[in-house]
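Two complexes are shown next, each including chain A; its partner changes from chain B in the first to chain C in the second.
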Partner chain A sequence: MIHAIRVIGQATVLGFAEMGRVYTWRTWTFGWLLRLLCQVSFYALLGSYLGDPGLTRFVLVGNIVVLACMESTIVVISLAGERAQGTLPLLAVAPAGHLPVYLGRGVQWMTTGLVSSMVAWAVLPPLLGVPLPWPRAAYAIPVIVLVLVSSYGYGCALAGVALRTRGVEWLVLNFAYGIIMAFGGTNVPLSVWPAPLRAVVEYLPLVHGLQAVRGILDGAPAGHVLAQVGAEALVGAGWYLVAWLSMERLVSVGRRTGTLDHAG
Partner chain B sequence: MTSSNERRPLAARRVPLARRASVMWRVSLVWRVSLVWRAFRLQTVLSRRSPSHALILLVAPMQTTSLLALTLHAHRPDAVASAVIAPGLIGLWVSSLDYAGRVVPEDQWAGRFTPMVAAPVPLALVVVGRVAAVVLVGVLAFAESWLVAALGFGRVLTVRSPGVFVLAIAATCLASVGTAMLLAGVISLSRARDVLQNSLSYPFYMLGGVVFPLTVLPSWVRPLSHLVFLSWSARLLRDAVHGTAHGGPLALALAAILALGAAALAGGMWLTRRLVDAARRDGTVGYA
Partner chain C sequence: MEAAVAASALRRTYERRRKDTVVALDDLTLTIDRNEIHGLLGPNGAGKTTLVKILSTVLLPTSGTARVLGHDVVAETGAVRSLVGLVLGGDRGLYDRLTARRNLLFWGALYKLDARTVRLRADALLERVGLADRADDPVERFSRGMRQRLHLARGLLHEPRVLFLDEPTSGLDPVAATAFRRLVLDLRDEGRTFLLATHDMDEATALCDRVSLIDRGRLLLTDDTANMGRILGDRECVDFTHDDTAPEPTARAGSLAEALALLPEVTDVERLGDRWRVHTTDRAGSRRVLAWLIERDVLTARHARPTLEEVYLRTVGDRGLRV
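What follows is the complex of A and B.
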């Protein structure tokens, strides 16, 4: 177990080194972070144009929490890169096994997701004229962390598709968080959608976590909030299970057919 | 038998200068258009092999769903046109930024850049043709968005001034090609290539007022919006849908879109020439 944690730690260091090739702290702050804040503001301003401050706050909160999900799912790109760069067979034959590396490969995105969603949580509501009820808003932060973690499992599971088909990683990533943004209760309540669609959406990450966050802000009973938190944790665990099975199968089939070193 | 030309003095045989210039200009124009067309076809073939170039066609329906659901949930049928038009404009911007911006860097990675620079044709025209092909994919987002509204939400968007709408789309596409050319130049010359591609989306959707009027933005931001062609396009397209685009404001909006596109195109062509000159001078043409 300690060995696996050390491998995940090394994979995380690798991830940050990789990220450092693209971003400096200045370009991350004034490029990427600013873009994310603009994304949230874009939808919140639309909410303020269309409705009252209540709608603006609903949209604002939804889009801040979605940042956590969006950044976590970028793990799809990092994992697909393993196959494109030909490093997947090396992971498969490593004595530590491929899963710790696989699971640690996008931890840097969870970290940046936490930072960006926290900056947005603190800065945007007062800036857009819909302040959050502090200190109650602070209780929502652990739930946002849970959303980060469950979305990461979802990203790892969908990376299985990107690892099997060459050149589709950006399609998979955008589809992954696109359907959550569209149907996951980010901009409109889930009750807007037909029942069959709602039943499917229940299995997506963020959906229950976001309801828990909204419950905390609105002062909902603790039982309701805890039930949503539990559901979010269960959904996340389910996606980790899918990710594990998907990777195991990819590696075992690749070993048997000798296609592990193919670039997809 | 000799021709009358052979018996006349040399000076008299010369074709008038103005006519010669006109013929040469026409030949040159045909040659340039043909070059752009061939580059357009090359990009079509390359894009067919790259599924990620169809990304916007995957994203546009989801964006339409988000925007339209929010609009209808807020009981604002007057804003439905904005929610349907916005994903189309975003599609054009994404095509310009994401794919067009990668045209030259991808050529460098694939080893196509060296023969292109060595060929006796201006690289800028080749890039224009290829960027145009990529931008055209973005136009399909308008159709997708209309279909999602009609089939998914039962909202059939009727365009009251179809002529103006078509003109606005055509002008917007031309401006997108110009802007894509500029972005391709900037991104190719920049060391923060990925940062630029990842960052220049939502700030411009906000500045361009693609889904809400510019009055929603703080007053100090609005002058900047007038420098973004999307702001003129969004307003003109919305006015065309509502049938309120007429006379002076219509002409002004079209002129602004085309002028901003032309300025961006000129800047992009200048940057591409600079890129090629620098690569030749430094001996880095073959570098990825």
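What follows is the complex of A and C.
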């Protein structure tokens, strides 16, 4: 266990070092963060345009929480890089095993996801005239963290797919995130969708966490909120299990077929 | 005592998209003794990398067995992985954004070394491979030779007893390649065993105790490097070079070769690049040919045996760029 934790720690250092290739703190703050705040504001202002403060808050909250999910799933890109860098076969035969690496490899995206969603949570509602009910709104923060964590598992599972086919990581990332954005209750209530689609959506990360956040803000009974939190945790755990099975299979099939070190 | 590496009837095939099968290793049997540097020579696509991958547990064999220090590479992967180090050639296999030291700390954690041990070993290895001054520079700023040395340091981090080196000096300048080879010899003196996959004949000659030639997945021959010339028969040869711009046509090398061919002790004369090789009947014949050449003012003349490169070219054949 101690070795796995050390591997996760080293992989986290690696993740942050690689993040430095994409961003400096200035480009992240004034480029990426600003872009996300504009994105959230755009959707929320559509609600304002329709003259419905309830709709504005619905869309605003949905789009803030989805930031956590969106950034966490970028781990797909980081993990796909292992194949391109030729490190996948070395990881696969390392005595500590390759799985702990994946848990640390995208922590930087969880961190940026936390920062961007928290900044949006604190700044945008008063700015757009739909202040959140503080201090109750603070209780939603651990739930947003849970969304970050469950979405990371979803990203790791999808990386198992992206690593199998050369050059599809961005396609996989955008498709996976797009599904959540479109059907996960961010801009449109889940009740709008037909029952079969709703049943499928239940297994996506964010969905239950977002309902818990909305419940907290609306003063829903604690039982309802906790049930949604539990469901989000369960869904997240399920995605981690899928990720684990997917990665193990990637390596076992790769050793059998000789595809472990094919460059992406 | 158990051999360092023992492969028996090792076979590996790949299925292509059109459902045809490519044989990468074809019933290969090979034994490498402990504390040996064993060269694996062959053209591109011969099966060298496939063998290295199987022995380091990256790849499963289709059939046959392979053992490293007595442990089966399929059934006892955990034991094998802690005993072997894999050093790949080329630019891949390192994290460019991390410093050299950070790369070693990362891989040290994956080799289950505790933090103190990995720090100490990383410092010692960086010193040993000549990267101590650049330990805190990102790998993306490293030259090919520096990357290669860092690859070796990574492969040595967990103090493996058997090292598999796949084209470790490809693309290195001569100075870096020489330093790398000296390091390998030092490590062998410490009791490690090496399997060196290469197609660099100079490297194999300089480093290896024994070499194996493989082609199309088949083992063609294995012998002591020093004895490889005997593969072509225990032939006596004399090599000479000559100034081809000599004013008298009869003194030119081509004319000398024609004259040599008429001597009773000469069996063949052939041109090998910028030198000529005279095959003789026996040692006494070689002595007479040497004297004959010296009388004719050749630039150089020496008693010779077939080199590893000649053995390789004659055994593998004239495949050129075909794989």
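Everything that follows uses one rule, which is that the second predicted complex is superposed on the first by the 262 of 264 C-alpha atoms of A that agree within 3 Å, B and C clash if a C-alpha of one lies under 4 Å from a C-alpha of the other, contacts with A are read in each partner's own complex, and residues count from 1 in each chain.
Keep this in mind: contacts are C-beta pairs under 8 Å (C-beta built on N, C-alpha and C of every residue); 3 or more make two chains touch, one makes a residue touch a chain.
What you see is a predicted model; the values in this text were computed from it and never measured.
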Exercise for review: Kindly say whether there is room for both chain B and chain C on chain A in the superposition, answering fit or clash.
Suggested key: fit
Review point. Where does A:Asp261 make contact in the superposed view: on chain B (first), on chain C (second), on both, or on neither?
Key: second
Review point. Where does A:Gly47 make contact in the superposed view: on chain B (first), on chain C (second), on both, or on neither?
Key: first
Check your understanding: If you stack the two complexes on chain A, which partner ends up touching A:Arg136: first (chain B), second (chain C), both, or neither?
Key -> neither
Review point. Regarding the shared-chain residue A:Val7, is it in contact with chain B (first), chain C (second), both, or neither?
Key: second
Review point. Now for A:Pro95: first (chain B), second (chain C), both, or neither, which partner does it touch?
Key: second
Check your understanding: With the two structures laid over each other on chain A, which partner does A:Ala17 touch: chain B (first), chain C (second), both, or neither?
Key -> second
Practice item. Pick one for A:Arg249: touches chain B only (first), chain C only (second), both, or neither. Key: neither
Check your understanding: Looking at chain A, does chain B or chain C touch a larger number of its residues?
Key -> B
Check your understanding: Shortest C-alpha to C-alpha distance from chain B to chain C once the two structures are superposed, in angstrom?
Key -> 13
Review point. Hey, which residues of chain A end up touching chain C in the complex?
Key: 3, 6-7, 9-11, 13-14, 17-18, 20-21, 85-87, 89-96, 101, 255-258, 260-261, 263
Exercise for review: Write out the stretch or stretches of chain A touching chain B in their complex.
Suggested key: 22-23, 27-28, 31-32, 34-36, 38-39, 41-43, 45-51, 55, 59, 167-171, 174-175, 178-179, 181-183, 186-189, 192
Review point. What residues on chain B touch chain A, complex-wise?
Key: 50-52, 54-55, 58-59, 62-63, 65-67, 69-71, 73-74, 76, 79, 192, 194-196, 198-203, 205-206, 211-213, 216-217
**Study point:** Touch list for chain C against partner chain A, complex
**Key:** 12, 14-15, 50, 53, 56-60, 77-78, 81-82, 86, 88, 90, 92-98, 102, 105-107, 109-112, 115, 138, 158
